[in-house]
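Questions regarding the structure given below will be posed in turn.
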Amino acid sequence: MTARPSPAGESRHGPLALTAAEVARRVGGTLRGDGAVSVRAVAPLGRAGAEEISFLSSAAYLSDFRTTRAGVVLVAPEFAESEGPPCRVIVERPPEAMLKVLPALYASTPAAPGVHATALIGRGAQLGRDIAVGPYAVIGEGAVLGDRVTIGAHCEVGRGVRIGDESELVSHVTVYPGTIVGKRVRLHAGVRVGSDGFGYVYADGAHQKIPHVGRCLIEDDVEIGANSAIDRGSIDDTVIGAGSKLDNLVHIAHNVHLGKLCLIAAQVGISGSTTLGDGAVLGGQVGVGGHLTIGAGARIAGQSGVSSDVPAGETWSGTLARPHRETLVGQAALARLAKIVKELERLVGKRGS
Amino acid sequence: MTARPSPAGESRHGPLALTAAEVARRVGGTLRGDGAVSVRAVAPLGRAGAEEISFLSSAAYLSDFRTTRAGVVLVAPEFAESEGPPCRVIVERPPEAMLKVLPALYASTPAAPGVHATALIGRGAQLGRDIAVGPYAVIGEGAVLGDRVTIGAHCEVGRGVRIGDESELVSHVTVYPGTIVGKRVRLHAGVRVGSDGFGYVYADGAHQKIPHVGRCLIEDDVEIGANSAIDRGSIDDTVIGAGSKLDNLVHIAHNVHLGKLCLIAAQVGISGSTTLGDGAVLGGQVGVGGHLTIGAGARIAGQSGVSSDVPAGETWSGTLARPHRETLVGQAALARLAKIVKELERLVGKRGS
Amino acid sequence: MTARPSPAGESRHGPLALTAAEVARRVGGTLRGDGAVSVRAVAPLGRAGAEEISFLSSAAYLSDFRTTRAGVVLVAPEFAESEGPPCRVIVERPPEAMLKVLPALYASTPAAPGVHATALIGRGAQLGRDIAVGPYAVIGEGAVLGDRVTIGAHCEVGRGVRIGDESELVSHVTVYPGTIVGKRVRLHAGVRVGSDGFGYVYADGAHQKIPHVGRCLIEDDVEIGANSAIDRGSIDDTVIGAGSKLDNLVHIAHNVHLGKLCLIAAQVGISGSTTLGDGAVLGGQVGVGGHLTIGAGARIAGQSGVSSDVPAGETWSGTLARPHRETLVGQAALARLAKIVKELERLVGKRGS
């Protein structure tokens, strides 16, 4: 029996190949050597073989370059004449150029359209054209899936949920009722979207649960990393703005509004009712308090704790985050302080006496 | 085929409705306007429609209030006469009052009783009355489910596990063998309960695994957020005390004992064999070291790192957490220090010469 | 119907038993009392019964020892004569000695070999001898499972993935295509292995996704805790070295290389392209920046933020981590500073006037 679709896609050695001449044309580079040499995959210089392409952009890898068995190498101009394999393509910024090569070699395997025999489709659910629903997926009553949507194995799409065209739920994803997912969204394995927020009122000797009836809106072109959890709103909605990207194990609380094109690194936690402007960037493990506003384009360094509003465009850092420059000054002062504090105590002590 | 039960469920627009007069009676407020106006849902002022109820408790929203299309609005006494829609209920603390309205409009959809045809029930498992077991759920041998238990899609309940009356496993939950779950417990999507603790002894050139044979006890009325993980005990038990609430992505290590009514915010990590007294509150991303005691009612600020015991009732904060007041004094001193340290160095330097 | 295999499993009261004489022989201790007393489980002194074995290694538990109902107790030499139950085994370091008792009482229940009727096996997949594949597991096309591999309920093994002999995927595990898992590896519930890394290039008004075509290599004898996520490499590979152990909710980014025998505590996050030497130890919630090198045997204290290379064998700590000794000096200086800063300001102010 065929298990299909399998998760997140790219196969390692597809049937695809490129010649060195085609590579040079794709990246807009200059070919040196035999344009007919053919490659089928990408690998680092150290372990690339004759049918693989690699790149050299740093002097640190010149020794790997001399001995590499790679069929073709993208080489930065300053190393154009360095000793190494004969077949090379000279191009600015080889790593970025490689992005134009990858799609040609690693075409994503589209999940074959169709609903797996073991998938369960709830009453009244609407399925778009060319969708792929994997084994043991469960689609709730009245859910609406757009065209070319892919639902991986074991995903659960709650009652009444809407998922836009070309979105993909990789596997083991839970989408709670009350959630709307836009187009071209990718939710990685284990993502939870629309779970209840953490809200209680203490009364009668217990933490009484606040019902959550707001929605969870995931706009177009969002990608969310493995095992992240996005709560639904309490009365208002939780919104992840179009084009925003979230890494693994991120926590987004109820009523949070992310603007468009935000970048949220792994293990970030954002507390309830906080707003991020467009293009805000949070480093890994950042924590943001509740009811705050992070301005558009603001950048917060990894592991910072944000407990006040951050103006648009500024870079902040630190445990009680403040402008990065101030944090650096404080850190430097502290480092120097240790050396003088004993002397200071003597000074102060003497004056006190 | 009907996929049922679907996850965590409140539907957004149920068949239920309340008149303005009924709202006033429920919240103990004073009706202004037409008591026959009927509402079916809750929404923020900015996007509420004629069949929705909203609330006004802050002057920040007075302009939304003037233009709202909400059918009924709960209004704090100080805004009783403000310009806005005619049908309003004057009441203290509108957000709390709303908690009395929500259950009437969003009755949770009870999962229809029954075991889905695709659910697998292990040999010797005992199922209480009116339980609901969703599609593809797997119940281990000898497991015992109380009355009115709901097991969502794809959940796995391990061999011999006991789950008390009216508890709900939302979806994709794993309950390892050796776990006992109380009554009225709710485990959100992706929760793992009873996994092995992180314990090894280095011997013979490898980290030898310490077998984990303690239990994992989740007492009554506990709620655990999406993708959290609670380890079982090594020899002693791990205990989550009655009425405690844990947010998303929380880590609880082996042999931890949480008292009753604790509140544990998202992404908190508690190391092995640590004890929390009743009513302790940990902010988001707090880390607590192993073998510590956090006293009853203690409060730890977000992102703090706790490496010593915390007395009952105290509020602590900071990377090496200490009483919050001390942390503030230290922070303030540091902020002022940067301005004087250069001068201090000159002072100390001069005296040293 | 039998749900099998169930997760991670030691049963609490197996059919196994040991006499006190056998216990003494196993741990190399000295028996006092009736060697024929038989025990079947381990429990703390406070709740052990007649058929259970416990241990005493600290004076803090002497009162529990006096009243325990345990059938046999492992007792440290200094308490050999203390008042308590008659049947005891005198031995150095009772907790470690207990590790020799546990396997005899809690033989892990091997999952009965076989492929559950509901498991889906992809075209061309190869299954080793004596494997156990649980209910609703999905094995992708061309995957290769070694001998005695256990795949728990609801796991998904991607297309072309290889899993070595005797490895176990507990339940709800996702293994993306492009992953190779070694021998005797244990992946706990909800682990994601081989997910796309967090890599984008901003162009044409959007964050363009960098295709991920590197592999994710989990070497032999690795254990990974519940709900952790390990990304695949972008072009190079992500590698988790042999014998390394990762706790719950850990994030490992693309191209990270962990050496052998590393210990990674819960909620650690390691950014892209960072390398850890053999035997490195990271405390809970540590964050490590990208493109760094943590030397062999280095130890990082919990919640530290590492933003520079760490030499082999050193112990570092702190928000901007540096050698632990320096962090302690800085902390101490800061604590003393608060008491003198006002006086210092007066000093500096006076001199300035």
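A few notes on this one:
Note that the chains take the letters A, B and C in the order they are written out, and that residue 1 is the start of every chain.
As a working rule, contacts are C-beta pairs under 8 Å (C-beta built on N, C-alpha and C of every residue); 3 or more make two chains touch, one makes a residue touch a chain.
This is a predicted model, so every value here is computed, not measured.
Shared contacts of subunit A and subunit B, meaning chains that touch the two of them, come down to C.
Shared residue numbers account for under half of those found at the interface formed by subunit B and subunit C, and the copies are therefore classed as meeting with different residues. Here the C-alpha atoms of subunit A line up with those of subunit C after a rotation of 120°, rounded in steps of 5. Once the centre of each chain is set as its mean CA position, subunit B and subunit C turn out to be 25 Å apart.
Within subunit A, contacts with two or more other chains are made by residues 136, 154, 172, 190, 227, 249, 267, 285, 319, 334, 337, 344, 347.
The residues of subunit C lying in touch with subunit A in their complex are 120-123, 136, 138-141, 154, 156, 158-160, 172, 174, 176-178, 190, 192, 195-196, 198, 200-201, 206-213, 215, 227-229, 231, 235-236, 249, 251, 253, 267, 269, 271, 285, 287, 289, 305, 307, 319-320, 326, 329-330, 332-334, 336-337, 340, 343-344, 347. In the complex of the two chains, the subunit B residues touching subunit A come out as 1-4, 6-12, 41-44, 96, 98-99, 102-103, 105-106, 109, 118, 134-136, 152-154, 170-172, 188-190, 221, 223, 225-227, 243, 245, 247-249, 261, 263, 265-267, 284-285, 302-303, 318-319, 331, 334-335, 337-338, 341, 344-345, 347-348, 351-352.
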